[in-house]
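One chain, subunit A, links the two complexes that follow: it is found with subunit B in the first and with subunit C in the second.
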Partner chain A sequence: MTTAAALTWQRRRESAARFWKQYRRHRAGLLGLAALALFVVIALTAPLTVGSDVASVTEAPGRPMESPSAEFPLGTDRFGRDLLGLLVWGSRVSLLVGLLAAVLSVLIGGLVGITAGHFRGPYATVVMRVTDWFLVMPTLVLAIALATVMSRSLGTIVLAIGVTIWPTTARLVRAQTLAVESRPYIERAKALGGGHWHIMSRHVLPNVMPLILAQTTLMISTSILSEATLAFLGLGDPTVVSWGGMLQEAREAGAVSSGDWWYLVPPGIAIAVVALAFTLCGRAVESVLNPRLGVGR
Partner chain B sequence: MTLLEVQDLHVTYPGGAAAVRGVDLTLAAGQKLGIAGESGCGKSTLALALLRLLPAGTRIDGSVLLDGEDVLTMRWGRVRAVRWAGASIVFQGAMHSLNAVHRIGDQIAEPILLHGGTTAAAARRRTGELLEHVGLPAARARAYPHELSGGQRQRVTIAMALACDPLLVVADEPTTALDVMIQAQILRLIEGLVAEQDLGLIMISHDLAVLADTCDRLAVMYAGRVVEEGPAREVHENARHPYAEALSSAFPRIGDPSSRFAPRGLAGDPPDPSDLPSGCAFHPRCEVALAECASEDQVLREAEPERRAACVHVTDMRSHT
Partner chain C sequence: MATDTAVAKAQAPKTERRAGSGYVRYCAGKVGGAVVSLFAVLVTSFFLFRLIPGDPVKYMTGGRKVSNEQLAAYRREFGLDLPLWEQFADYCGKALTGDLGTSYQFRTPVIDKITEALPNTLILTGTAFVLYTALGIFLGTRSAWRHGGLGDRVNTGLALTLYSIPSFWLGLLLIIVFGVGLGPIPGLFPTGGMESGGEEGFAYVVDVAHHLVLPVITLVAVEYGQTLLVTRSALLDEMGSDYLTTARAKGLRDDLVRRRHAVPNAMLPTVTLIFVNLGRTVAGVILVETVFSWPGLGGLFYQALSVPDLPLVQGLFFVFAATVIVMNTVADLIYPLLDPRVGR
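Moving on, here comes the complex of A and B:
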């Protein structure tokens, strides 16, 4: 038994190595991965480098609206807080919300897609019409409506983003499920007495997994952008610091008209870079797992 | 002991295509029955109907008694239990009936674990035994389908069919897309396993010679009906129904030069199952059709002891005695 387990691990290591070898050939993917690693390290080490005190309004170290200096490399905000510290601290919320919302949306989308592809008939029709309805609804409007009616917290934001961006995943997964379900081994699985759950979990899921993985990485960047948008519109949790929230505060403080660029530019660039990094990784993963796409290396 | 008894089975697809129209078959344990016929005559539909594997909306009438129990009226949970444990299928095209993302060992163990009663370790041991049984080393259980040759893959599907010790194995064109040497090996393997484990075997093929060689009895199907039935060798060599005769003479006989100079085939196409000709379904293609064939349906009649055929030229033995 132990040798079997060891062999399994050896196989997994080999396939991971193969994946990495192919992934390495995508230069843009590597760049995205490096940027991501950097942001993740910054976010994880934030409690050590800046600490949660950085968000405190009462114990702000500087005067309001200071321009960049040696003491505050990115200047200070309207309460005199260190903007570099806020930027580092805010990365935690942006990445966390992005990840959770993407995972939530892919879970919903995957579940809906696989069941709609597996059970044809009235169930699939109803579920896919609901999906279409979500697809044509302006995502942002729906998310705003949800974030408004629910209590203000990070969970609300995750939920509002997660339940609005799943339809594309559902459509993709359903299409792939239909393709897999027409394969003869599904007929064999039925002939050997497999039920719906058995067929969906043992045969369909492993075959649509690559698609779901690639879709997740792409969804993360969408979620991060949505989170920033919602926070910018003042629908985020006011007690936590996030990049979108920083932009909103900058707007409220009149940074745009007074030309306080250090207040606006860094969070904007950070959002763009993280979203870009996830997209680059997602595209590289997609092209490794699906060589037929022929995405440029 | 009668293992399988099919009585007056009718299958109509949602589009109105009558794929099987009144088939009666019986099969005893240890017996091998061949079903022959060209594409679209209803052979595969018949096989799928035995385990209720047809798409939703298909109308199935008649009865299928498997070991005394009617599969068609069973509760759904019982049908799932009977699938594979009662009767299993060797699908055509082993290439595609294996899932590319699972190891073959896991796929053979799949029905064993699904039908319960054992641990994963026991299932793995059984998988090894099954693989050795069909002539593959037990270590191959770790291979993925694409690492095996066509013949090996077909062996895997046979091992899979035997996994739950079924009473009946339905082999749906098990040797299509295999070369002649491998084909012979696979046929010997199936024959050996059936004899050894006293299973019932239904083998479906368009190749009458293969069936005559492997099976005890042979049923020739045309347009959803059995048109001739009898001991395999006799049906192959001395067919009574003109369709069965055309089918068996479509294969040249080795050592018989005259067959080379008398190429005989069958003109025309099989009839459209949703728009069958009146009377005997074969009459538009039949060389010896009489005027009454176009209007009168021909049913199976006893031609000789143990032999039945559905043709106007075959006089019923019983009606004359």
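Moving on, here comes the complex of A and C:
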């Protein structure tokens, strides 16, 4: 048994090394990965670098709406809070919500996709009908509707985004499941007495896992943009600082008509860079796993 | 395309009639599916917004002190005193006749507010849709034909970057730079709205066009990337095909091979995806109209959300979803006409 396990691990290491070797060839993917690493470090070290006091309205260090200066490199907001500090602190919420919503959507999509591909018949028909229905619904409108009817909290946002963006994943995973299940070794496993659970977890799942990983990366980018959008529309949690929320506050404080560009530019750039970084990584992973897709060509 | 249909005709003179009835059956299936989807939207929009915590009557009165009799009167006026299933039956029946209820905040029929705002949205979305589709297909074709080149890398990179930018943020920046004016740049365009007022005839058209510039640029910038990437990958899939080698072997010019042979075939998946992407455009429209105070459906949706004015939110939710479902069905219906291999 131990030798079999050791062999498995050795193979896994080898395939990971092979994957990394091919991934390294995608320059855009490496760039995205570097940007991500930077943002993750910023978000994780935020309690040390800026601390949660930065979001306090009552103990703001500066005067309201100051332009950038040596003390406040990005200026201050309408309460006199340091915008650079808020930007750093906001990265935590944006990344966390993006990650959780993407994981939720991929969990739903993966589960629906694998089961719909494995159990055919009426179950699959009904489930895929529902998926198609969700697929044509305008995602943001549905997310807005959900966020409106639930209480204002981060959990609501994660849920509203997660349950609206899963259908693409479900479709992709189902297609891959069907392809895997038509291979002879699945028939062999069935002949040897492998049940539904065994086939789905031991044979199908490992084969769709790479696709799921690539999809998660792409979905994080979508989730981060959706989170910013919902926060901008005033549907976010008003008690936490996020990049979308900062933009909403800037607009409410009249930064647009007074031309205070320093209030608006940084959060938007942060959102765009993180979303772009995840998209680049996702595309690089996708083209390593499936060269026929042609995205990296 | 031309050669394709010629081959199809030559091969299948006998099956012509059967193929025709196949298309009718295909259409019936798709339209039936769309009707089911529309009903599902109606059900969702009804029950989803009943989940909202609190009493809807409270939103109507806006927190003012009201007597219990008045609250009861409001409930009767909006039919909120009936059992839920009766409300639902009533809602469905009225929706079929185009009655989507009465707005809490405007005290006018929801359908009136929607028909009032619809033309404005159509002007904005229509203009943007035509522009971003044309731009996306044009640049996508170029990119794929010379894939790996500098032009391709710049195009794809730019498209991906713009695709990652929140549309509302781009809109706000454009307002600051070109609306309000920044440094040496004067405010060239209006910061919001659709007209300055008081203009008539041709001057009115020019005025609206002037107001249209910034919102349309925003929408085009965030939406064309998707079309570009889809066109590019569809064309890349075609490029290894044997029929292109044959076309070149015939001695056709590169330009003709591209326009007559490769692009029409690559357009097939693109057409579907352009319609599917309309769902994303709806989201873009809501944000852009909000940012530019454009008096359309998206701006109305934002206004309704901030109250929240449930009948109006409900009605707009239905209109947005229905638009996308109808557009998708249209794409499904024209697809077999474009590609004879599908739906027979």
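Throughout what follows, the second predicted complex is superposed on the first by the 280 of 297 C-alpha atoms of A that agree within 3 Å, B and C clash if a C-alpha of one lies under 4 Å from a C-alpha of the other, contacts with A are read in each partner's own complex, and residues count from 1 in each chain.
Criterion: a residue touches a chain if its C-beta (ideal position, glycine included) is under 8 Å from a C-beta of that chain, and two chains touch if they have at least 3 such contacts.
Just so it is clear, the model here is predicted, and its values are computed rather than measured.
One of subunit B and subunit C touches more residues of subunit A, and that partner is C. Applying the stated contact rule after C-alpha superposition, one finds that A:Arg188 touches subunit B and leaves subunit C untouched. Contacts of A:Ser52 after superposition: neither subunit B nor subunit C is touched. Touch criterion met: A:His198 reaches subunit B, while subunit C stays clear of it. In the overlay built on the shared chain, the residue A:Gly259 is in contact with subunit C alone; subunit B does not reach it.
By the document's definition of touching, of the two partners only subunit C reaches A:Pro138; subunit B does not. Subunit C contributes residues 33, 36-37, 40-41, 45, 48-49, 51-53, 147-148, 157, 160-161, 163-166, 168-170, 172-173, 175-176, 180-182, 191, 233, 236-237, 276, 279-280, 282-283, 286-287, 290, 301-302, 305-306, 308, 313, 317, 320-321, 324-325, 328 to its touches with subunit A in the complex.
Taken together, the subunit A residues at the contact with subunit B in this complex read 1, 7, 121, 183-185, 187-195, 198, 202-203, 206-207. Those residues of subunit A lying in contact with subunit C across their complex are 28, 129, 132-133, 135-142, 144-146, 148-151, 221, 225, 228-229, 232-235, 244, 247, 250-251, 256-259, 261, 264-265, 267-268, 271-273, 275-276, 279-280, 293-295, 297.
Within the complex formed with subunit A, the residues of subunit B that make contact are 51, 53, 56, 80-85, 88-89, 91, 93, 96-99, 101-102, 110-111, 114-115, 121, 142, 157, 160, 163-164.
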